[in-house]
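Take a look at the structures listed below.
In the two assemblies presented below, chain A is common to both, partnered first by chain B and then by chain C.
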Partner chain A sequence: MPASKNVGIVIVSHSAKVAEGAADMVRQMVGDNVPLAAAGGNAEGGLGTDVAAIMAAIDKAWSEAGVAILVDLGGAETNSEMAVEMMPEERRERIVICNAPIVEGAVMAATEASGGSSLAVVQATAEELMSA
Partner chain B sequence: MDDALKKTLIEAMTGAIVTHADELTALDQAIGDGDHGLNMKRGFEAVLAEMDLITAKPLPDALKAIGTTLVMKVGGASGPLYGTLFMTLGKELPPEPTIADLARALAAAIEAVKARGKSDLGQKTMLDVLAPLQAALAHGGADLTKRLPEVVRFAAEATVPLKAIRGRASFLGERSIGHMDPGARSSALLATAICNAIGA
Partner chain C sequence: MQEVTASALLTNKIGLHARPSVKLTQTAKRFGSRIEVATSAAGPWTDAKSPVKIMRVKAAKGDVLHFKASGEDASAALAALVDIVARKFDEE
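Coming up: the complex of A and B.
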């Protein structure tokens, strides 16, 4: 995929199948003009989350407009925060972790991102799901 | 701190986690997702595998390297939590720390772990062992390496009647009561291993 001006989306789940499945839904429903990556499962292929894999997913979905991360359970959030902190400093402030349900949040965030919205708007759109 | 002592401490911590991996997993099966022993074992075995590289560094950098390795290898929420603990100790400690330095650095590390886990004391986590350990270090006195293992053992046991507020165990609510927190137990094991290695 050529470098996109749109916000990128990263999906982090304890399950590789959930992460990949959610990414599939985003691709089918939103198309491929949003940089998208999924990180699911631990380094051994079991259930869990893996900081190195999350960092790689952020790299893959990187856009100068920033990256929005959708997570499932607590460990995914903690490991995503850790991954963000270990990214180069100039990228850190352009990465957000959305407080939103992972599947709906990913689809909504990607839909918003595909229209060229800013990172803050993408995040707000995903997080509206929590107050809806 | 010389390289030999750093090696001894890494071997002691890894040994304690490997020996008790099944016990930690059993504790985690009761109230969590049942992988704490396996995760911690994987993390510390990775530290052991890089021991020569790590121990060649001055203590602050060695601690940061241990923290980074744990973050990358442990998986699950305990990776960032223990990673944050060791990285902060590395940031706060001088190359040749005194007990007072340790107490001050551990206080900073506890704050960092609180922020990372969005947790506080009394919520049935590793913090409930680290805080009494820090208090005992700050209080000081003779025979610390003999007294601290008792302090952390009691502290870990004191998590049994608590209700979990953070982490996977919090999903169980009242049902988390009556089980020792696996993170409290692993923290107690690590502290005890360090005391035994230094006191031996």
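Coming up: the complex of A and C.
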């Protein structure tokens, strides 16, 4: 399969069910022309987030256009930042963590990405949810 | 550039809720023209390519969606948008 031209979306939640459920919503509402991956739960299968799993999700959703990450509570954000830090240098600047609610943000970011928008525009669309 | 307009009656049960909003913006994004939507011919107008803004329009069944577009593919864009509203976003 050729690499997608569209920005990829990664969903990171403390709960595997939340992450997978949000990814399901994206697939059903937006379609499958956006690279998409979810990482939820810690390495032991409990609630939490796992840097290695987040890195694997970024790899899976990787696009030359970049990847936008949606996160839930605190640790999801810090572990996502750590995962980004551990990615190859040439990829790091093409990965952003969106300041947006995880489910709505994922759907909005994916909708924007499905039209071929740039990473900056995809991030701005997700973050627009936080403005009035 | 000439501005073109069109309108379509929302007849799908749930109106312009999440999933139809996504489909509407995805359709609008296929075109280069600037495209706006309103529930009244007098506005206020909303960017048809912004999923966040379209969802906030909260148009309901029975509302008329007014479209205006300007750009090289404006007519084709409005035809596609009117068509997807008429097809009830392929959901019913």
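Here is the rule we go by: the second predicted complex is superposed on the first by the 130 of 132 C-alpha atoms of A that agree within 3 Å, B and C clash if a C-alpha of one lies under 4 Å from a C-alpha of the other, contacts with A are read in each partner's own complex, and residues count from 1 in each chain.
One rule holds in what follows: contacts are C-beta pairs under 8 Å (C-beta built on N, C-alpha and C of every residue); 3 or more make two chains touch, one makes a residue touch a chain.
Predicted, not measured: the structure shown is a model, and the values here were computed from it.
With both complexes brought onto chain A, simultaneous placement of chain B and chain C is permitted, the two fitting side by side without a clash. Legend: residue contacts after superposition of the two complexes on their common chain; A:D72 is shown touching neither chain B nor chain C. After overlaying the two complexes on the shared chain, residue contacts for A:G48 are found with chain B alone; chain C is out of touch.
Centred on chain A, the angle reaching out to chain B and chain C in the chain A superposition, using CA centres, is 150 degrees in steps of 10.
Of the two partner chains placed by the overlay, only chain B lies in contact with A:M86; chain C stays clear of it. Once the two complexes are overlaid on the shared chain, A:L129 sits against chain C while remaining clear of chain B. Least inter-chain distance for chain B and chain C in the combined superposition, rounded to the nearest angstrom, is 28, based on C-alpha atoms. Residue overlap on chain A between its contacts with chain B in one complex and with chain C in the other: absent.
In the complex of the two chains, the chain B residues touching chain A come out as 33, 35, 39, 42, 68, 71-73, 75-77, 79-81, 83-84, 116-117, 166-168.
Put simply, chain A touches chain B in their complex at residues 42-44, 46-52, 73-75, 78-79, 81-82, 86.
Taken together, the chain A residues at the contact with chain C in this complex read 28-31, 107-108, 111-112, 114-117, 125, 128-129. For chain C in complex with chain A, the residues that touch the partner chain are 18-19, 22, 25-26, 29-30, 49-53.
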